[in-house]
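Each chain carries a letter (A, B, C and D) given by its place in the written order, and its residues are counted from 1.
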Amino acid sequence: METFFPQFLQQLINGLSLGAIYALIAIGYTMVYGIIGMINFAHGEIYMIGAYVGLVTLTAIGTAAGYPPWLLVVAALAIAIMVTSTYGWAVERCAYRSLRGSPRLVPLISAIGMSIFFQNYVVILHSSRDLSVPELITGRLFSMDMGGFEVSMSNSRALILIVTVVLMVAVTLFIRHARMGRACRACSQDIRMAGLLGIDVNKVISFTFILGALLAAIGGVLIGLSISKINPFIGFLAGIKAFTAAVLGGIGSVPGAMLGGALLGLVETFASAFLPTEYKDMVSFGLLIVILLIRPSGLLGRPEVEKV
Amino acid sequence: MRETTKTKILKDAFIAAAVTAVLTFPMVGMRLNVESTGLVLHKNFLWPTVAVLVVFLARLVLPFVLIPKVSVPAAWTQKAVDYKKWWLGAFVVLALVWPFTPLGSGAMVTAMTMAMIYILLALGLNIVVGYAGLLDLGHAAFYAIGAYTYALLNLHFGLGFWEALPLAGLSAGLFSILLGFPILRLRGDYLAIVTLGFGEIVRITLNNWDSLTHGPDGINNISKPTLLGYEITRRSRVEDGTTLWQALGIDYNHIYQQLVLYFIAFLLVVVAAFLISRLVKMPVGRAWEALREDEIACRSLALNPTIIKLTAFSLGCMFAGFAGAFYAAFLGSVTPASFEFIESAIILSIVVLGGMGSQRGVILAALALTLLPEFARGFAEYRMLIFGAVMVLMMVWRPQGLWPASRRRVELPS
Amino acid sequence: MSGDAAEAVAKNAAESAPILSVGRLQMRFGGLVAVDGITFDVADKEIYAIIGPNGAGKTTVFNCISGFYKPTAGDIVFDGINIAGRSSHDIAGRGIVRTFQNVRLFRNMTVVENLLVAQHTQLKTGLLHGLLNTRAYQRSEKEALERAAFWLDKVSLREVANREAGNLSYGQQRRLEIARCMITRPQLLMLDEPAAGLNPQETVALDQLIRDLRDTCSVSVLLIEHDMSLVMEISDRILVMEYGQPIAEGTPEKVRNDPNVIRAYLGSE
Amino acid sequence: MKMKKTVVAAALTAAMVLIGGSALAQGTIKVAVASAITGPVAQYGDMHRAGVHLAVEQANAEGGALGKKIEIVEMDDACEPKQSPAVANRVVSDKIKFVLGHVCSGSFKPAAQIYNENDIVMVSSSATSDDLSTYGYKTFFRTIGKDSQQGPAAAEYIVSKAKPKKLAIVHDKQTYGQGVATQVRNTVEKKGLKPVMFEAINKGDTDYSALITKMKRAGVDFVYYGGYHPELIILLKQAHDQNLGARWMGPEGAAVSDVKGDSAEGLLVTLPPDFSKEPANAKIVEAFKAKRQDPSGVFVMTSYAAAQVLIDAIKGAQSEDPKKVADYMHKNRFKTVLGDVEFTPEGDWATARFDIFVWHKDASKTLAP
């Protein structure tokens, strides 16, 4: 059994780095839900668009042009952030703003429509084929030989983990201390009252979508580089998994998104480690249904009392 | 025009144009393409520049031109007179006659048969989403359960379509109660996500459970429905069986089989539409709508919300089961690939486009969305794009849908 | 209602068995105790009012009785059964109906449909009956319509019968909500600030309507109201609450002169 | 009850006669090309159409068949089962007697039933699922090996040449992938090599690191993957990241230009012999290059051959009657770019041969030792 612990450690690393991917996307869901109580169904597609803009930038610059890989990654990130945040803003402006007062079903269906629209928008532009992303981040951060079993973590995975942790801390601090952060918290408590107290609710909501899109863009580029393959449909599955993470952690709470992401990543990894791998998705969907039934407010979320 | 408003409009126009540029130049203008030499970027900035100009001019002109609020005059939709079911009659006559007009080509009959299947699915989902207000994103799961129930009964027990049809509806209804009971107390968007999760679980189970469902290969050679006891295929599957055509003494033509399938689908739709229109007028139908309007008020009037939701959910899923059984017979083979989330999204968009809680609207929308691609073949590529866009536009401009139901008028006894 | 007549009604009300009796009701949300030690009972055909400043916990008591909140302590006995903690539709089925502070009608359904839904539990709701359009089904639907017509006349809403509930005036909506409660043949009608937002004539009409309901339909009324003139005028007995605690109970006369009540409302010198 | 039946029957007959068939198309022999123009595996459709179009153009240049030009009618089922009956019904109602396609096994099955019923000759150059030839369709043919022919070839190589200590078999749970993976497992087990793992992954998933770690723990040194290239690319990369150090092998669905980079170096692939290298096909390879199409694409040559066989069969049978053409195809051997093609009674290519190639990081391939 001497290889059990190293293998367990390797699976732990796999789980955490997968969890980081989910957390990065989950924060977009959590912030939007926390503030206007709506599941932004199109958020998975915003992540996908981030990946595509990153790839377009890389292809435009051309990997053979002799720039150092890290510069290319930074350039891809910068442009992806700029463009995808605009998409995030545009989604809110066109599809959700005018539906704010309407019954809960209406904005959700509009979000589903937006998600289908973006998927096919990219299919028409870049075809539905799998496009390979140049491998810019290669090599391994570390690899330890533990009793004949090599535990290692690739640089691209390590980068995602580090970036996610840094972003999470930054966003949590921002929400707690910055002026706009306070406004976000006020809106999430009671958006009508916040409006009455002079907070420009539209600006806060737009900001939330932009921030969510920004994080999704970073996720899109980094994950694209790590998996080295993107297609117009990666947003759908990643979106559902990220939403599961957000709900697991407690929808509406930013640290919850991170905890939920890490937990879901670990659960999926160990599920495919000990069960046949094909049941991995079943486990995560099962987990989602169980959480929503037992504790819809999730681990760190605040339970919502139904006001009569 | 004070100086400030003019510059403000100009500023707005520039911002809008800039935003459009950021949105379109990197994505629309630069298209990735796989070529033998690898990934290549096709730069063509025509459309993005057009888009930017259009937006810029629109923002300039917009403030001056007051676009009349496009809304159909209330009187027209909310017609006060209580007309008998003219729309159901018109739909029946049209659906019976058109195959014999020059339009009735093989491809059109097949497309119409698929449209009938989608109408059946949408009518079922309309009970769940339209009347009871429960957003179900996993309707394709019950569509699949119905299809696989018939396929398996046909494969293992040799049951024909007509014997298996009620069982398919029953099994879909049963599964919906099994799922429904725990999840129906969830609030709107949580319920949506749980049903979506359930839909994916059903699809993955069908794909992985090789011993029962033959996994990805699916089940093939499913027998077609029989008409008046005769088989409608060219050669009977049973040695001495006589086909309908031999009985009628006419030689086989493929379009005959398609027509029979089309009429069976149409029959299912008419029965479903009639049943549902009765259900909606009954107390249970009123309870659905009341639940959609205000669950708390319902509870305060002694209506048990769980029971009402369960009836709506199980009936809706039962119709999806019937549609699934017919789809299996129509296609002759069933694989998990036909029941992905996109099917649930299509059925939902039909209900939404038609007008939630409006049978005639749903039928109109189903016909429109399944037949449009037939007319414009090139359009097929943009079909899903337009689907998504239409769902958004409908919610923004006309949440009540294309042809909303009008409230029934009741004569009060003096 | 002169003072002594009120006294007489209140006295005999106490003797006849109370249809509702609430004992030491307590409702706690996490650390906050919203309601504590509330005890009162409502006799048959009595109009019992609960008054108190905003945030006194009046609506919380209502929600506990009607089953929307599960009280953390105390019991609520109705018709001899402890209904504390039962589901709200179960309690409603036993004959306790309520209105809401902000009117909760089925806005997109017509006035008549609102009244038909309210009779759901009494109608033939079997699927087969309806589908086969059996005679029993038709008879029950016709009866339902007749009862609806009766109640529409009673609250004078017949001319808007086919209009959507959402399009009615505020006063009309209030009356429809009361009619919708009464059509279920309740034993106890709970009114949550029925006079809120009504003009003086409408309040007088409401006063007559409540008395008429009590007298003709033998229903007891449990009332939350801020309009003191209406409360003092119509109630047999009154419970005054402040910060979730009962501070006085008795006939309108007794309560009006009670020093605690005066302090609570007008503030001590 | 008897009376009612005849009345309904009479009405039905009258209705049928009204429709009647449309006039027979003169001048050209219509051939439907049921391809995958849209959908996730569109690039297999591109190869399919490239092969077919070139073959038909060259045949028409030499006078077509029976003095008539071959007219291609392109149709798209996007590899979706739901869309294939619509395509099949269009073929039937347009009175087309010959079909080159469908591309994917999954979407071919519903259509095959309809073609079989209407005696329409169907020649697929990419659907390899075994059960297609088990339904006794007399007009079904394919110019590509089926899974059970491709599986053993790979298994043979694994057992005799690769001789792995610990073999793992993974597939993508799709008709094609699971089919060929199962064939490989059955054959290696028959030859006494028990795989330590036989598992499926989910199509569209992007993280297989847990599976790679499981293989590393099991000490796997050889992995056979059944499925298309998108998932294989990720598996190879993540195995490379975790330094699994195992040799990988895949079916012809994995041999696509996207598979490149050092994680793809040394990948073994079973492929029909690379006919673009055959000297006899030099002229045809030039023609492809002239149209900027890659002749080495896995389904290009098989599609070219499918068109060749069909046209030669029409010429050989001297008639457009599909039954005669099908008969001719069953009885004769055909000279094609794939070499000699002969069909079994079930319509499979009897002598389909698969060679083993080594894939390189620049997406080139060389014959395995």
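Heads up, the rule we're going with is that a residue touches a chain if its C-beta (ideal position, glycine included) is under 8 Å from a C-beta of that chain, and two chains touch if they have at least 3 such contacts.
Note that the structure is predicted; figures quoted are calculated from it, not measured.
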Enumerate, in label order, the chains that touch chain B and chain D alike.
A
From the centre of chain B, which other chain's Cα mean sits the farthest off?
C
B-C or A-B, whichever has more C-beta pairs in contact
A-B
Rounded to the nearest whole Å, what is the centre-to-centre distance of chain B and chain C, using the mean of the C-alpha atoms as each centre?
44
For chain A and chain C, let me know how many angstrom lie between their CA-based centres, rounded off.
49
Please work out the Cα centroid separation of chain C and chain D, and write it as a whole number of Å.
74
Determine the centre-to-centre distance between chain A and chain B, using the mean Cα coordinates as centres, and give it in whole Å.
30
Going by the touch rule set out above, which residues of chain B reach two or more other chains?
34, 204, 208, 296, 381
Touching two or more other chains in chain D are residues 38, 43, 173, 200, 202, 258, 260
Which residue numbers or ranges of chain C touch two or more of the other chains?
68, 100
Which residues of chain A touch chain B once you look at their complex with the stated criterion?
38-39, 49, 52-53, 55-57, 59-60, 79, 82-83, 86-87, 89-90, 94-95, 98-99, 102, 104-110, 112-127, 129, 131-132, 236, 240, 243, 247, 278-279, 281-282, 285-286, 288-289, 292-293, 296, 308
Per the contact definition, I'd like the list of chain D residues that touch chain A in the complex.
38-40, 42-43, 173, 199-202, 204-211, 213-214, 216-217, 229-230, 233-234, 237, 241-243, 258, 260-261
Using the touch rule from the top, collect the residues of chain B that touch chain C in their complex.
275, 278-279, 281-284, 286-287, 289-290, 293-294, 296-305, 311, 407-410, 412-414
Of chain C, residues touching chain B in the complex:
66-68, 87-90, 92-93, 97-98, 100, 104-110, 112-113, 116-118, 120-121, 123-125, 127, 130-131, 133, 137, 142, 145-146, 148-149, 152, 158, 161-162, 164, 180-181, 184
The residues of chain B that touch chain A in their complex are 19, 22-23, 26-28, 30-34, 39-41, 129, 133, 135, 137, 182-183, 186-190, 192-194, 196-198, 200-201, 204-205, 208, 296, 341-342, 345, 348-349, 352, 356, 381-382, 384-385, 387-392, 394-396, 399
